Structures are given as C-alpha cells and as structure tokens.
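What follows is a pair of complexes built around subunit A, which joins subunit B in one and subunit C in the other.
Presenting the complex of A and B:
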C-alpha cells in the first residue's frame, strides 16, 4: 500500500567548507503528510531542492517516482515545490501565476484556487511585486494546494502569514488532503502548529537525518521527570538523558525513552512528577543534544519555547 | 482537546467513547466520518482513521458499507465495564497514595468521598452551599 515515492540514497552536498547534506538516506511513501523539521541551515531546503531537481547533489542518488527528476518532464509535472522565496516575473499578477500553474499541473482545480484566493483575501490583479510578504506567501500556498500534485513540497510557506491565515492554510490542507490524498512534505519551524497534521516526521540536523519516525510513535516516546534531584537521578539511572535542568534541590530531566505503566506508577510513588514532551520540545532537545552545547543562548531559546507552551 | 500526553489515535478513540458513555452518541447512531474528525480536530486523517479502527476492532463501532460508522448495540455497557477497571488504577490508587502521604486515615477518606458524592448530586441546585463546604 505504501509505495515509495521518493528515495534518497547516500546523498551528499558539499559547499566550499560545509557539508549541507551528509549522507542522507530517506524513503517517502505515497499519500502521507511528512514534516521536514530542523533548524535554519540544517539542510531542509537543500534536500528539497535536490529532490525536485532544482539543485545538484555532490554525490548520491535521488529517485522520485522511481526516476531522476532532472529534465524529466514525466516526473517534474507530478511535483510541486513551493519555495519560501519564490520569484515571479516582474509584471506577473497572482492570476497570471495561477494560469501558469493551471497549464503545468493536470489536476489543477481553478475553482479551489478561486475559493482559496477569496479566503486569503488575495488581490488577483495586483502585481505580485506590490504584494505584502503575507500575500506573496498566500500565492504560493494557493498554488501548492490547488495544483493537487502527487508530490507537494511546502518549504516554510507561512512567512508573513498571520495566525489566522496560517490556521486557514492548515485547515484547507487537512480538508483537501482528506478528499484528495497525496504526498505532502511540510517544512516548518512552527512545529507546535503543524505537529498534529503530520503522519511522519523527519528531522535533519547539520546535514544528517537524526529522526525518521511516525508522529504517533514519537508522541509519548520521551518524558520529563521532575522532583527532588536525588530521587530523579536515582530513578533515571542508566537512561538516555536529553536534557537536565536544576533549581536548587529540584531537578527536571527529559529522557529519550517512554516509561511503562509500572515505571510510571513507581515514579508517582516516589513523588516524582511526569510530564509529556511535545514534538517541538523533543526536536529542540535532540538537535541541541546533537550539537553537544549548553551555551547560554541555546538554553534561553529552549526556555522560551517551553515558556511559550505554557 | 488533543494534547501531547499520548498518541492522538488513542485520544480520538477516547473522545468517541466519552460520547458513547454520556449519551451524545447513542447506540445505533452514526458517528462522524474520519475526515470530519480530522477536519474538526485538525489532525491527520490517517490518524483519525486509526482511532476509529481501534473501536471497530473492539466491537464498539461497526461499519456499514458505503454508509459509515455506527455505534454498536451494547457498546455503552462494554465501554463502562472497561473504564470501571481502569478507574481503580487511574483514580483510586493515586488517591489512596496521596492520602497516605498526608496521613489521612481510611475513615477520613471515606467521609470525604461521601461528602464529595453528596456535592456531586447537589451540583447545579445548591451551588452556594457547596462552595461553603
């Protein structure tokens, strides 16, 4: 049932002194929503560019629909890649961009595009150059949704979109995906906002894939244990610790393991508190654990993320 | 509604069970489609389908081809029986544990439970008195 649609094998991409992709191996199946997550500069856009034949890999193989996408119309016409900074010809208006997309994508739904334009309150006859950042993003979002391409990449499609417009995007995405299943790769920093939409999560960090798992398996795969530091440390002895915070004699420790019900009961009996770890927290912890740093700047960033969740 | 504590499909199954227990989804009534669940909770349709299928597998929901999902006859009793089992683990055990920590005797605990169930019955009729207690 889950046919492979994208296959990346030993992909490397070197820039001068940077390994943008460092031996990436990845299989993506049909009719799923993937999250491609990672920090800025982690290699998300590079990976998507190579898969969609907009950049060359230094070495390795990227197959899409079983073939290389390079100058391969039969593959490219089934792919839609919405870039964060898509450029359009100077005199283009949104309606021109939609008409071009309609020519290219055989499943283009003009009525859906019109409806979306109305939802996003996008002026169809204003020059794209004159649009606001949010309206420009809306053009991309509309093309990405209405093209109904078998394989659609959204690379941080939300820049400049306000909270209402982003919610609109997520809502329309889920609704339309339910009626027209296809493979969608959503790259995003706003992990909490998209976490529930994702079926599978790929996390890339400094060119390497550090997590490749079903969203439901990740949910509950880590836990934060807090209480008196001695008790917490004794309880978690020998476990894989992702993060540790202390406040006086109290400690709050995140482990990269699930606890079974016996262990949970034991923790409660010891007076420890257990709290779930969101996908966003987990990604932050994992990418930081990989970096091996406890720099104060990074600490503040995680605390901000934690704070924002409360 | 949906949180991070456990897999979303389990939460969806629980939400449907809640509806069955409190009567908003009576037996032999149709439940929303997986796509409707997905749109409403803003979750992946495959995840919603997984939650519904858990209940189909345990016989709480059944499929009518081409029509949709329905609550099975006897589903309510089945859900309540299972949840009563879980009630002991989830609520009674931690309750007695905390009581022991605070040095509350079994007798005191019983008095509290009686007082609390009295309150539960009065809820909505005599709120002021409840608040005073």
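Presenting the complex of A and C:
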C-alpha cells in the first residue's frame, strides 16, 4: 500500500536474558486506529520506543514516514509518544507541559487541551510530581490528543484513571479522530474496553506478533460452540481448537475458524449453541495457546464462557 | 534550528528553574554574607565564599536537565541533537547573565567600600584581581563547568546506570591519585607548583574551558545513544 506510515522489518531487541522483540514485521497505514495489544512485558512499549527512535533496535529496520526517525526532525515533528512512565522536568506543572508541547506541534490545539483538562479535572497549577497516578496519566493523554500529531502513540493511557475518565478519553479520542483523522496506536491490555475503537488489531506476545488483522475480520473469525460434549466434539472434528472447557457432560469449545451458514444451521439442528468470541477472549486464547499454558489462568475466563452458554 | 531554540524556550516556561532560583540563592547568600560581615567588628577587607552558592545549584540543573528534561523532550519527539544544543545554549545564556550580575556586583562592592561594612562578596582575592574580562571569563567558565560536569555525569548515568556512574567516578579518582603518585615518585611537585604559580585567572579559565569542551563533546557522544 502507498499510504504506509510505519514499517518495521525484522526488528529484534535483545536484552541480557530476553528477546524483547523477536523478528517483528509490521506495516501500518495512515488514518486508522490501531490497537497494540498484549500482556504486560510483551514488548509493546519496546516496539513503540524503537519506532519513535527513543530506543534502539538490536537489528532490523524501523521506518516512519518512509525514513528512520532517529535524529530526523522532519519525521520526529510528526510523532507524539508520551510513555506510560513519562518523566517531566522537576518544577513543571501541567500547564508548563502543555505550553512546551505547543512549541513543538504545529497543530497543537490549546482550547482542546483546556477542555480536556477540565474533563479530567486536572489541576493545571500543581507540580506534576505531586499529581496522582490518574492525573499523571491525564497529562499524557492530553498531550497526545491535543498535539494532533500525524502519528500518535498512547501507551496504556488509562493507568490510574477511573471508569468515567477512561470513557471520557475514549469518547474524546473518537470525536477528535473523526474531525482530525490521523494514525493512532493505542497500546493496551484492557482489551474489551478499547475493542470498539479499534480498526485494526496487532497482538504481540513475548516479542512476537501473533495477530495482525482488521478488527472486522477478527470479529467473525472465531466461534464458541457449546452443548453436550460428545456432540460438540463430533461436530468440531478436525477443526482448529483454541480452547476447550467441560462441565459434567457439557462442553464449550472455541474454534479459531468461522462457520458458514450451512454449518451454523447444522449446529443448531444438533442442539448446539453458538456464541461469538469477544476480542479479549480471542486474544487471551491465542496468547495462551501460543504459550502452551492453556490450563493456568483460564479461570478468569470460565465465567465469560459459562455466561455465554446460559 | 527553530526546534533547538524551542528547547531553550521550553526550559524557560517555568521561570523559576533557570532564573528565579539562581537569583533567589544569590540574593539569600548575599544577604546572609552581608549580615555576617556587618557583625564582624573589623574595619578591613572581609572576604567570604558565599558567591559560589548559585554554582552548586547549576550542578543540580545540569544533572536534572539530563535525568528529567531529556526524557520529556523525547516524549515530545525532539531529536537528541536539538535537545543538546538547545540546553547547552540555555546554559551559556544563563551563565552569561550571571557573570554580568557578578561583575556589576563587584563594581558596586568596590565603589561602596564593601557595602559600607568592608565585606567583599563578589570580590575574591587573586580571582578578581585582574582586568574585568579575566574576571568575567573566570566566572563564566566556572559556571559552565558546573553545568557541564553535572550534565556529563547524568549522561553517564542515563546510558550505563549506577554501575557506569560508579566506574567512571572511581576511575576518575583512581586516575587522579595515580597522577599524584606519579608526580610524587618523579619528584615533580616543584615544577607543578611552579606551573600553578605562573597561572593567571585568565589562563586557568582557558584550561577549564578546554576541559568543558572535552566534557561537552563526550556528553554529546554519550547522549547520541542514550534512551529516556
């Protein structure tokens, strides 16, 4: 595609005893909202840091706007990446941080920043180091939104924000994106919360991209079939099974495949129940299938599956 | 270029950091020195070292610009080069302003016979004895040196962590001790002393400026690969 904005080729990042990035290849296009999903420590922040030249890859190439961002003002001036653990100058208050951002982003919208600060109830004249975790996140979110940079990264922007503030962020993001389209990369592990915002999903696990697909395509790509264990197993014979759960003689099985209408009809005839798989469930299943630890940690999601069956 | 300038402007958004606090420290140490001078009932020149107080704050500023301002600049996607040039430019500007203030203070001090109490805050024996430009050069270079040494140590810390800082500090100490030992062994202290005796504030400033340039260049080389 011509409108590629980010291109990663064979990116590796080695730490002493860990491959933070393990052969990452990625193409992101302009004016879309991407979700960069994965567990804590999966490599999300590392990947974003390398793309923005805040950190360095061990090998491989990262191109943004067709060039490396490293020491490249014409590329850097179009990027905004406030990290989750962003540091600020010692004496700075939020208002100082915003005025700084205004110096560097040509599309900076001060009114928008002020409105957001009000929304988030952010004290503009308190030293940043005295802010709560949620208020600190709000500073980063406001810089990210009001900078209107062509390529904006949000690194787990919701940390410490309450439910209302998180919803506000999602709403403002969608509104502003509609008026000022740009490329947004939202790194998150709260998948269900952001699922509706995302147009494209990239899932990273232990430094590897394990899913890279349009949100639309993903939504129908898996299904959970439940009913009597024998019938379910017979029906799903030979299919790609992501997860299997049993309760007595009942089974609930998630397959990584879509069913066509004939198969759906057949399933209903057999008395099986079909339920969609949420993005979060799918990511969790795929991540665990990849790790080969399907047994551990599955409890959290048993409830979801049982819910679906009822 | 405009981004370099913006880096300097960014750090002046909060006027306290680079202007308010140095002036406050200067004023406070000046007034305290004056009070002490007034309390000493001697009618001949009294010299204090209070005028060095702001210099120590510059050391802190040098450290913080690397540990806090640099990560922030990275968040705003500012290149390392723009950050470095803008910050060093700001350092020089502030050092220049402070030097002017010290010269002015020294002039008033001289004209009023030590503020009427024979107290000399800006005047330092030997350092300020020469022509005004030698005094100016000395103050300016010392201030720059404090900034840069703080900045340099912090770049080492950012790049190589505690271990790196420890190694470079101990390494510097060991090298200095080794040099002293070598001087003792070769019985060179006499010539070293003679060399120092020959130096004027201006030539000392020259040597220190050279050291500043070397440290600044090292800082940049380290910063090029530093991460926030």
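Worth a mention:
In the analysis below, the second predicted complex is superposed on the first by the 291 of 310 C-alpha atoms of A that agree within 3 Å, B and C clash if a C-alpha of one lies under 4 Å from a C-alpha of the other, contacts with A are read in each partner's own complex, and residues count from 1 in each chain.
Criterion: a contact is a pair of C-beta atoms (placed from the backbone, for glycine too) under 8 Å apart; a residue touches a chain by one contact, two chains touch by 3 or more.
Keep in mind it's a predicted model, so treat the numbers as computed, not measured.
Within the superposed three-chain model, A:267 lies out of touch with both subunit B and subunit C [touch as defined at top]. Of the two partner chains, subunit C is the only one touched by A:103; subunit B is not. By the touch criterion defined above, A:72 reaches subunit C but does not reach subunit B. Look at A:197: by the touch rule set out above, it reaches subunit B but stays clear of subunit C.
In the superposed model, A:91 makes contact with subunit C only, not with subunit B.
In the superposition on chain A, contact is made by A:32 with subunit B only, not with subunit C. In the superposed model, more residues of subunit A are touched by C than by the other of subunit B and subunit C. On subunit A, the patch touched by subunit B and the patch touched by subunit C do not overlap at any residue. On the side of subunit C, the complex with subunit A involves touching residues 3, 6, 9-11, 13-14, 16-17, 64, 67-69, 71-72, 74-82, 225, 227-228. Remark: subunit A residues 32-33, 170-171, 174-175, 177-179, 181, 196-199, 215-216, 219-220, 261, 265, 268-269, 271, 276-279 touch subunit B in the complex.
Remark: subunit B residues 2-9, 34-35, 38-39, 41-47, 50, 89, 93-94, 97, 101 touch subunit A in the complex.
Chain contact summary for the complex, subunit A toward subunit C: residues 49, 52, 54-56, 69, 71-73, 76-83, 86-93, 96-97, 99-101, 103-105, 140, 143, 149.
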